[in-house]
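Both complexes shown next keep chain A, but they swap its partner, so chain B is in the first and chain C is in the second.
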Partner chain A sequence: MFEARGLMVFYENMLALNNVSLQVEAKRIIGIFGANSAGKSTLMYTLSGIILDMKRKEEMAGGERITVLGQVLLEGQDIMGFKPSRRARQGLVLCPERRRIFPESTVLENLLIGGYLATARQKKETLDYVFQIFPALVPLKNREGGFLSGGEQQMLAIGRALMAQPRILMLDEPLMGLSPLVQAMLVRSIREIRNQRGITILVSEQYARPLIPIIDYGYILENGTAVLEGNRQDLLDNPDVRSAYFGV
Partner chain B sequence: MAGADVRKERLDRGIKVRTSGIYAISGGKEIGYLILPRLVLIAGLLLLPLVVTNPYWQRVISIVGIYALLALSFDFLTHYVGLVSLGGAFFVGVGGYLAALLNTKLGLSPLFSIPLATVGGGLFCTLAILPCLPLRGVYFSIVTLMYPLLAMRVIEALNIFGGTEGIMGVASFPNRWVEQYSLIVVLLLALFGLRRLVNTDLGLVFRAVKDNDQAVKASGINITHYKTLAVFISASLACLGGAYLVHIYMWAGISTLALDFSIIPIAATVIGGGGTLVGPVLGALILVPISELLRAFGTLRIVFYALILMAFIVFRSEGIMVYAQRKYHQFEKWVQV
Partner chain C sequence: MEILVYGIVNSVTLALMALGFTLVYGISGLPNFAHGALYVITGFIVWSLLNTLKVPYLAAVILALLVTGLIGAAIYYFILIRIRGMATSEIIASYAIGLAILEGLRWGGFKGMTYTLPAFIPGSLNLGGVEIDYQRIVVVLLGAAVMGGLWLFTHYNRIGLALRGMAQDERAAMMLGIDSDRMAILSMFLGSVLAGLAAVALLPLGNIVVEAGYNVLIMAIAVCIVGGLGSWVGAVLAAFVIGFAQILTVVYLEPHFQMVVAILAIIVTLILKPSGLFGRQKELEERV
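Now for the complex of A and B:
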């Protein structure tokens, strides 16, 4: 249902993504693994369209030139030229790296901002759902986002993304800087979201081990190139991948 | 499929790469490449008083020089220390009044009154700004915007320094050559001096304060100390401009605290390219004559002026100098990906 073909992104003359193609089937969890600077975030920005904003900003300020080539197809339609807001309305929602929650709004407000375009019924229903999968957020409802701990902020960020009624949810490094216990909780929640809501999920991480039990298919990025792809077992069987991304 | 796509590639010119190291002195071509832009600026500024014959435009040269100093001072404080001061007029006013007082009350000639006003005014402004230094971002800007307004009303209300009439009878320069050439030489010294300064270790600390002051504090550096020093440098430059202004007009009044002296340098910095130091000088060189030319339109002057500024910010917010530097150092070509 969702596909990327031959994505190439240049930051000035540096190749950040080299001919990356993805195939995402509905209701799957897709893992994207790679070290720092492998191009995970660039891939997420390109899929969600944020890269177009960055490109424009750099052009205005006379900074580095960003070149984006390739196609992003959502149900057969090329959406590469669409702005991030239009992509989000079509159900392609990004939960950005480092959470980017609104620090001066309360938890409830943060969630409502995410659901701005949803109908009142969807909003109410999703809100209940977010508090159901992340019960830790319930007592914090009226706390300002900036005062939450890292794990709580990540739950909030995922909740906010859910409020936008995604069909495809992209999570950029959702486990960054969290304790193993919280990581495990989030990984369970990610699987539940897929199972209960039928949302397709793309999740990127540096360290693949916590996510490997839940992914259906995975891509390994290295220096902007997708060097390996396969289902869980394929990835586990590759000795290089095992040592580099699973630590075994 | 991707083979058919092309993109524009930006590469440093070979000579730029060569001249960044020891090979800069390997031959005439390399030396020429480095010196040419600097020479054009220096020679251009020095030739200006010789080329311009109309007495009205000769006066404009001096005004350009003063605004260039103000813009330089603003650019340094904003883009290298991160303190956006909207109170340039306060510095000008302090420098101007001090020079006028030294000249009329103590009888010092411009040769002494201008340097004394520069250093003394810099000290006074630094002391005045000191309480606001812990402020950051827009708060610092707003507070500094208040200083010239405050000073203006204090002078008016207390009727000190000649009140609304100002201090008259300030000595002028012996002739226009002294006036213009001393100003241009001072401007060039300030420009190249600041360019040196921002690349020294001190400049590194300044830029670090701009980027992340908490990290600088964590490195065991007292940022208030460095901010104070930066404000002193910047204020001194603007006071120097103010002192010149007063000696050129032979009069110091509350109009030296006018908003123009805060705003036009900022506009010059935007047009010239912030953070380049040369840019603001070029910006002043373009803006001030334009503003004089537009006088023909009467009150519509400000409208055209504002439109030019808006066009620059919307379409070329990088500024002339950033654009020119890129064109000089780099070339572009289409490449297949």
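Now for the complex of A and C:
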């Protein structure tokens, strides 16, 4: 059970997240939808702890003042004070927006770096699994990450995150900028990962339509506030949501 | 033949001096201007262990490398961690630390020409008509071993791979469970050990003098800028370019132009190709 309670994030005086609470049950796929600057990425950074690193760097440089309030609970334990690396060790792994592949390392090395937390056996097993769900990566094993196409990079980013042995995998805009064909393939893979590995998945997108068939529960973010939540049918039944996020 | 042999020796010397600097910069983006001071301090630690405590040579070397590594890690942990990510402050702080160490050594009485380390293997060898002492051969072998070792470490070792991940995208590495502070401390430790290793190999060829600290720093910076900051392959390549250029000036011009070559290399690189020979990271970014 993974939970966020009353998350508030300020960049200076700008409120980026306003009292957002999430409840994520194990082995579910949770969608987080919202327009640009609705707070999706800030939410992901807050859940994964990256916000703490941003806050620290800004403080040192005398830059923007970032304020973070609220709780992030993993199995009942408040992990808000934990660094990102410690949260990852607890099984909370973020696959970030814009993928952030290591451009000068090969595909295989990217995956091995992802396996930093894994034991040798887990590494081998997960590597086989990644190449099984993303067979397109197999012939690219020795190509540098920077030379992959967007879709290939996204597969690699998800594979790399899987190598870190997540219990909860957070995907920040995994479909951004990809063709509908690749999007459909990735959506299938996301469901497969949940079904075959029992990993809880949080996935954020601007446009909900490609993801709606696979999510168990969803939240709509608007200006940093979770304005609506519900299961697939609840979201589809709301006429505003339908026109704004599903395009139906 | 002379040019070839001494060119190689000189190039490997430069590479040894620069590798520690480029390693730290490559991994944590920290321009460690205390690099030269760490180099010199290793020399004095070895000398002190040998002459005042009568420790065997090999043990003294290993101990000194360890101590230097710890000094580097401590510099990072107690001081530089607070100004992480602010390049100018990092340069000023690390240079100040370097100055304090070097001038502190001078003030403490380590000056003059009396401090020397014995060669590992005394004697010399005739290599195709060129007289070369064993210590210089040791330098070349050690340099090759260090480069090979680093390559293996960063391509096949779990920690080495994590270091490379951090070098490329610190936050992405954090998301995968890599602790960036711990890795930065480790990179500083390794960088300091490499500075020490260079000192141990090179100092038996001359005296241990405080001024060497400044020279080593300038050489390291020259090599790193020509090679492309943070690129290890570039650094090795640049070491050979500058190394041979220096030997050629010594042979065809005058010996005291050696330092000019290094400084000139910095200027020419910054004018013609600011990202250096192997500034690939930047080029890739531009292409994407």
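Note that in this section the second predicted complex is superposed on the first by the 248 of 248 C-alpha atoms of A that agree within 3 Å, B and C clash if a C-alpha of one lies under 4 Å from a C-alpha of the other, contacts with A are read in each partner's own complex, and residues count from 1 in each chain.
Here is the rule we go by: contacts are C-beta pairs under 8 Å (C-beta built on N, C-alpha and C of every residue); 3 or more make two chains touch, one makes a residue touch a chain.
Owing to the predicted nature of the structure, the values given are computational and were not obtained by experimental measurement.
Following the overlay on chain A, a clash is recorded for the pair chain B and chain C. Of the two partner chains placed by the overlay, neither chain B nor chain C lies in contact with A:Ser179. Of the two partner chains placed around the shared chain by superposition, chain C is the only one that A:Arg160 touches, whereas chain B remains out of contact. Of the two partner chains, chain C is the only one touched by A:Pro96; chain B is not.
Shared-chain residue A:Gln196: touches no atom of chain B or chain C.
Contacts of A:Thr119 after superposition: neither chain B nor chain C is touched. Touch counts on chain A: comparing chain C and chain B, the chain ahead is C. Of the two partner chains placed by superposition, only chain B is touched by A:Arg65; chain C is not. Of the two partner chains placed by superposition, only chain C is touched by A:Glu109; chain B is not. Shared contact residues on chain A (touching chain B in one structure, chain C in the other): 60-61. Interface residues of chain A, counted against chain B in their complex, comprise 5-6, 8, 10, 12-13, 19, 60-63, 65, 67, 69-70.
Taken in their complex, chain B has these residues touching chain A: 1-2, 5, 7-11, 316-319, 322-323, 326, 337. Chain A meets chain C in the complex at residues 48-50, 53, 57, 60-61, 83-86, 88-89, 93-96, 100-105, 109, 112-117, 146, 160-161, 163-164.
By the touch criterion stated above, chain C contacts chain A in their complex at residues 82-86, 155, 158, 161-162, 164-165, 168-169, 171-180, 280-281, 284-285, 288.
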